[in-house]
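Look for chain A in each of the two complexes below; its partner is chain B in the first and chain C in the second.
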Partner chain A sequence: MSATGRRTRLRGRPLLHTSYASELALFDTPAKRTSVGMLLMLAVALPFLLPDEVLQLLAVCCVAAIGAIGLGLVTGYAGQVSLGHAFFLAIGAYTAAAISGDPDGRVIGFGVTNIGVWLPAAGLVAGLAGVLVAPLATRLRGLYLAIVTLGLVFIGQHVFSEWSALTGGAGVGRPAATLEFFGQPLAATGALGTRDQKLYWLMLLFLLIFALAAANLARSRIGRAFTAIRDRDIAAGVIGVNLARYKAIAFAVSSAYAGCAGALLYTVTGFFDPSSFSLLLSVQYIAMVLIGGAGTISGAIAGAFFITLLPRLTREMQAWVPFLSAQPNEVPNVFQVETILYGVLLIVFLLFEPRGLFGIWVRVRNYWKAWPFSY
Partner chain B sequence: MTEAGTTPSATTPDPATPDPATPDPATPDPATPDPPTPDPAVPSPATSVRTVATRVRERARTTPDAVAMREKDRGIWQEVTWAEYWDTVQTVAHGLLALGVQPGDRVAIHAENRREWLYADLATVALRAMTVGLYPTNPPAEVGYLLAHSGARVLVAEDQEQVDKALEVFDQCPELHRIVYLEPRGIRRRYQHPALLDWTELLRIGTEHRAAEPGAVDGRMAKATAEDIATLIYTSGTTGPPKGAMLSVANVDFAIRTLVQSGGFTDPPPGPADVLLSYLPLCHVAERIFTTWFNAGAGVQIAFAESIDTVQANLREVQPTILFGVPRIWEKILAGVTIRLANTSPVKRWNARLWLGIADRIAGTLIRTGGRPTAGTRLAYGIGWLFCYRALRARIGMRRVRYAASGAAPIAPDVLRFFMGIGIRMHEVYGMTENTAVATANRPGRIRLGTVGEPQPGIELRIEATGEILTRHPGVFTGYYRDPVATAAAFTDDGWLRTGDIGEWVDGTHVRITDRARDIMITAGGKNVAPSEIENALKASPYLKEAILVGDRRPYLTALIGIELETVGEWAQRRGLPYTTYRDLSEKPEVRTLVGEVVEAVNARHAPVEQVRRFALLPKELDHVDGELTATQKVRRSAVADRFAELVEALYPPSAGSRSGHGGEAA
Partner chain C sequence: MTEFLESVLRGLGTGSVYALLALGFVIIYKATRVISFAQPAFMLAGAVLVTYLVGPVGFWLAVLIAALLTAGLALGVERVAVRPMVGRPAFVVAIITLGVDVAVRVVVNGFIGLDVRHVGDPWGLRTVAIPGTGIDLQQRHLGAFLTTAVLIAALFAFFRFTRMGLAMRAAAYDQEAALAQGVSVGAVFALAWGLAGGLAAVAGTFAAAGASVDAGLWLIALTALPVIILGGLDSLPGAVVGGLAVGTIQELAASYQQHAPWLGGNVSVITPYVLMLLVLLVRPYGLFGTREVERV
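Here is the complex of A and B:
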């Protein structure tokens, strides 16, 4: 008889929570568990379905998603608008590249090619930089904070383009970190798959780890403090949230995510130069968060994929729209369309769907969830 | 009534009954080893007496780790296993022993449905004392009457509100020694009354007593006899003060064996896999059956609703398998569905209209077949399940309901029809405190809409020439506490219980209740009118909450009508009709028109003498505290007639010899 079992959970009653753990579970319903599982299986199977060139792009998407999740934590969850994300990406990228770089090379390098060393180091150094910036955030908010973080980008750009011993200098650049784990190259064409296949799987794995960690953080005491600060920092302070502390944590975690993303990002292409870390990159990440849906992990991932794939999609468009040209010197060309689309999308999302792609999903989900009622 | 032909013989066993005495082999119930033979002879040897306490002790022994009940505390449904349940009951019983509770003493419980209610109830029964339940809504005067009349020795009061009521009347209750409070907030360190005792303190005393005399409670339980009074249930008393019906251990045992273990209601009988939401007042016999006796008798898991206001939310969370409701609950759920469907997007509205139309047709077929689905209804329902019924049932918390029952008051057949259509096996049942609610029930598969079903197996039920229903069986109560006059009046000379309900046989098997004997109206024209049927037809509208028919010794029928604030408010909002209070809303001419349409529709289905000629809208919601409703939310006709006398008189203007069409429309 089933009744003799120790406190068997009542089956098929997703709203009946008999412990806080079940109430806080990330994947609390069977539907959520199966859909996430199937999505994951599809993601793992993709390398067998798509050409390498697309996989490489998807690997970049995965890394960008890590960065977007990081920005989502500070901007989406904690409500601190940061335009300085490019700066933290740069710190991570250069830390990792310097640690794993060739000691005898043209630029600074320490020769520790183990990803187990350079990836945490990149996160740590960027996180520390975030902590240094955090005091600004405790004194400023809204537009003022955005302007101050904007300053970081310009300072960073100047330093990185002048410090050619580290960065190789503007227009020249340096090789990115080496993907290697205790002497084992992680992404090299071999019996198990091509370089791009392995690269994609590796980045997918990192994305999964970072996304779960962020989701876990968001539902914890810290995450709740973040949302309290976002909704009203004065009220949060009054109910006992230590503003200075939690804003510092938000910046530290966000910068650490950015650092890791920066370190991984250029291992895909293998080479980068300091002009990449411009204001445009920051804006791109802001766009990922906004278009994906501020204050959600899955939204940040969706936004990162969408923004990263946008150039590729517009190029595909050329096959369908005959008057578009693929040549930059002809009008109209796909690059113009891309730029226009980018701007139009931002405006449309902010005007009509401020909660982003995730908001659209929520709306669709609620429509069916409320069936046969409307609420 | 005119059913004299069928009156004298009605001792069921119905030959068509698949004998409920033999338990269904497909659903073995490990914890009910006793053969549920409906043996009317009351067992007398003291050692073999089974009380609810011994039943729980038995379950704690056989299935210690299974869940007995759940209660939501700080957002989480806290679970209590049978072992924990029985352990706490013992501690409480020892605590009560230490307070000096003797066999035959009364212990009053004044709380919402919660774990402590059952702990205190079972501990009391274990000590061979009597449990007296008080309605949480009882005002101080009634609390005083009940405590003084029952002579309760210990009162278990829920919180500051109930403690205040008890302290207000403390001097009128010389036998009251102790007030145990469950929620210390506002009481501890502020109230200095010597009778007050914290529940945790009671548990501490009990633990000490248990350590000192470990066998005391078991010893007391072993001495229990079938004649012990297990509980006093005060009837709500629509006329006069409440009367305390004494239900003995034998009565309760009979009710558990008939209604629970042999499946007097459900088929197959309830078991440990069933889940039930407890939300109606436990001092009423109906909820006592469904909560305490289903729990102890069949191991059904109980979930306590947070309050009566959160029932719908709790239903969605718990998704019970067995659901009992009073008509008001079913009407309210139906009104909620109607209103929310009216507010949906066009696609959803179209979908719902389609499938509810089909549901109505399914219900029509089910009513013809007595609730047995045909191939056609199964097919239609199966498709509708995908598009509507599954989601709809999950939203109203009835996705898993395998048996639903309505009782305690008459209900409009249209309401039952709706629920039958969307696939809920709905049964109207009938019983009263005085016969431990063992009377009639619609059995699954043999439903007859508009009747209260067939007599329970193994009981005697007949209908007098006057139409009054009489019952005789081991569940009939011992008498009214401290009221021999009323007790004598409740029985016929040959020992039948007078129910006071007027009924008739339908096809010789089912009983239809016409009305309470004293509610039958005789108009000035000499016509007999049973008000409840018309009132329920009116109340089936989602917009109407109360309908009180007036017409005794009057030229025609009129009605006092109370609107349902929620739905009419919603309706007004959609119409852009501003309003402030209940009174303001009910005085709006548009609302009068709305109600007028409902009345008109009901009139169309009735003979001219039974038509409501005029109506008035009540300016306030009826309330227990104001004495207009009983604790069970039944209307006290006399109180309402007194209070709204002017309103009633205005419905019969002096010049009303001439028929003035429809008074309600005049505005």
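Here is the complex of A and C:
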């Protein structure tokens, strides 16, 4: 039996693994390979099928997915509940905006508009912030940690709304980072496409890179350490997983993802103010991870798309439900329904399908795998 | 000195509101091993109910009815959303209560509407002077402190001297053993949620006394989270002491923050969280909490 695995694989037996390499492969079955490839082709082709306004929304979805993957790593894989994701998003967003900002403007800016500089910097600074928080995570477990990270959001919100030299102050805000690569604007209407088309492709590319990196991390030694800590941290410690070290790594990677997502998120709208980084944002990211399916990369992506598209869906729903109003001062209106849905969906998924959207997909897949038999 | 003492007294007034809220969190935690993030919604619901009831029945009766109705709401939430999750990880249940909080608050906010709503408390912003010291004490803080003292005394008597209180203590100590002795653990869960809901409603009323009820009132309830961490998640005295301490330190920070302008305005809002971080670095299970025993 050869150690390479792939060549010895039997046709028509996708689940028969004859080596560790094939068992741990990124796309371990041919069906997975084809379906991901086809999905990707569809995603790349979308700008030719959809109007620009929808593409902009999908670009936001892609960035949100990067952030959700990051939270998924620390909460879904390593099992450390963090309600502080909004804080790390904010750190990334402000690092990027400050580095690429106008040096002569009313807020801090260093004028380095190259995305090759500000994006890694945002990830690095946020990651360092995560490392600083990690010692708390090694001392605290479960709900204690959740409350402490919730405290981070409030402290962060205070700092960001008071430090108006950096953030422009509450209610005013500052421009986001500039999308530019060595002098080439990355998202400007040109011969190749409109701004929104390019924006979507760019964010899709970033999502692909970050998702592949996370999937690879999850199947590495580090990822296995994460899941060991999640499933039983004492047992993990006993078999030789260094808890402090791997919790620190989990927080660092997760915050770095959040930092990059925060840096990219507001380039779509171009402007942001400190009140965006509230507890609600953290709850939305938790909802993305849990509704999508904790402990899976594809689940985090699905959850991010679902939650980000939810406001749009409720607005469409208004046409079908006559008693809903689109005016914010009438009751019941779509904005209320939207907020309630975050809460209700969280409850419904946790009660009836704890594996989230990913779990629903598994059910559908298993049904058709065995069709026409029930199992 | 007068300023210092006035701040401390103000702090004890706001601190008693935190203590009531924290007691609700701790009671639920002790009974069910879950932190209920739904407390802010119950507090807001209680305060809004009082604003509607105060006209027809007067303040004290309105508070009583609102507390009972909110307790009923909490019972309903426990039955529908929390009971099916018994035996699941605490974090999952906590996230469910977070969902309940978001959903309930939207509905309650719908009842606040655009008008300014008052709880109609008899005190407003009037003060009483403490004779001989020149200290002015706001009546609403005195009212909050005394009401809290009465409620806490009643609560401790309940846990100490009644059958149900004993059952709750037994269930908190060891659920399975209590079940084996014939304690209805389901009733304990329900009662814990009901008590927490009622306490939150009273706390909400006093938090809004002298001001108005608006959608931002729920943020006050979140201050109870650092309080319970500070006092220890499973300690009732810890909740009371922590609440009063956090309230006092917050008011002192508000009084003396002009000496540290670099901290920015309204720094008192985040002092509870900073305090929590500092305490946790030294004592990971709070000041009075029991250290978790790790068994393999």
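Please note the rule applied: the second predicted complex is superposed on the first by the 349 of 375 C-alpha atoms of A that agree within 3 Å, B and C clash if a C-alpha of one lies under 4 Å from a C-alpha of the other, contacts with A are read in each partner's own complex, and residues count from 1 in each chain.
Keep in mind that, in the parts below, contacts are C-beta pairs under 8 Å (C-beta built on N, C-alpha and C of every residue); 3 or more make two chains touch, one makes a residue touch a chain.
Because the structure is predicted, anything quoted here is derived from the model rather than measured.
Engineer: A:T339 in the overlay: touching chain B, chain C, both, or neither? Say first, second, both or neither.
Structural biologist: The answer is second: A:T339 touches chain C but not chain B.
Engineer: A:F154 in the overlay: touching chain B, chain C, both, or neither? Say first, second, both or neither.
Structural biologist: A:F154 sits against chain C, while chain B stays out of touch.
Engineer: Does the superposition put A:V238 against chain B (first), chain C (second), both, or neither?
Structural biologist: Once the two structures are laid over each other on A, A:V238 reaches chain C alone.
Engineer: State whether A:I360 touches chain B only (first), chain C only (second), both chains, or neither.
Structural biologist: Neither chain B nor chain C is touched by A:I360.
Engineer: Which of the two partners, first being chain B and second being chain C, lies in contact with A:L128: first, second, both, or neither?
Structural biologist: neither
Engineer: Let me test your reading of the model: by the given contact rule, A:M317 touches which partner, first (chain B), second (chain C), both or neither?
Structural biologist: neither
Engineer: Which chain, chain B or chain C, is in touch with more residues of chain A?
Structural biologist: Of chain B and chain C, more residues of chain A lie in contact with C.
Engineer: After lining up the shared chain so the two structures overlap, which partner does A:F373 touch, if you call chain B first and chain C second: first, second, both or neither?
Structural biologist: The answer is first: A:F373 touches chain B but not chain C.
Engineer: Could you tell me if A:T18 is touching chain B, chain C, both of them or neither one (first, second, both, neither)?
Structural biologist: It touches chain B, and chain C stays clear.
Engineer: Who does A:L143 touch here: chain B (first), chain C (second), both, or neither?
Structural biologist: second
Engineer: Which residues of chain B touch chain A once you look at their complex with the stated criterion?
Structural biologist: 28, 30, 63, 65-67, 70, 75-79, 81, 272-273, 275, 299, 301, 303, 316-319, 340-341, 343-345, 348, 351-352, 355, 388, 391-392, 395, 399-400
Engineer: Using the touch rule from the top, collect the residues of chain A that touch chain B in their complex.
Structural biologist: Interface residues on the chain A side: 1-8, 10, 12-13, 15-20, 23, 370-375.
Engineer: Spell out the residues on chain A that touch chain C in their complex, using ranges where they run on.
Structural biologist: Checking each residue of chain A against chain C gives 81, 136, 139-144, 146-148, 150-152, 154-155, 158-159, 162-163, 234-235, 238, 279, 283, 286, 290, 329, 331-332, 336, 339-340, 342-347, 350-351, 354.
Engineer: Considering the complex alone, what residue numbers of chain C touch chain A?
Structural biologist: Against chain A, chain C makes touches at 35, 81, 84-85, 88, 90-92, 94-96, 98-104, 106-107, 109-110, 113-114, 222, 225-226, 228-229, 233, 263-267, 269-270, 273-274, 276-277, 280-281, 284-285, 292, 294, 296.
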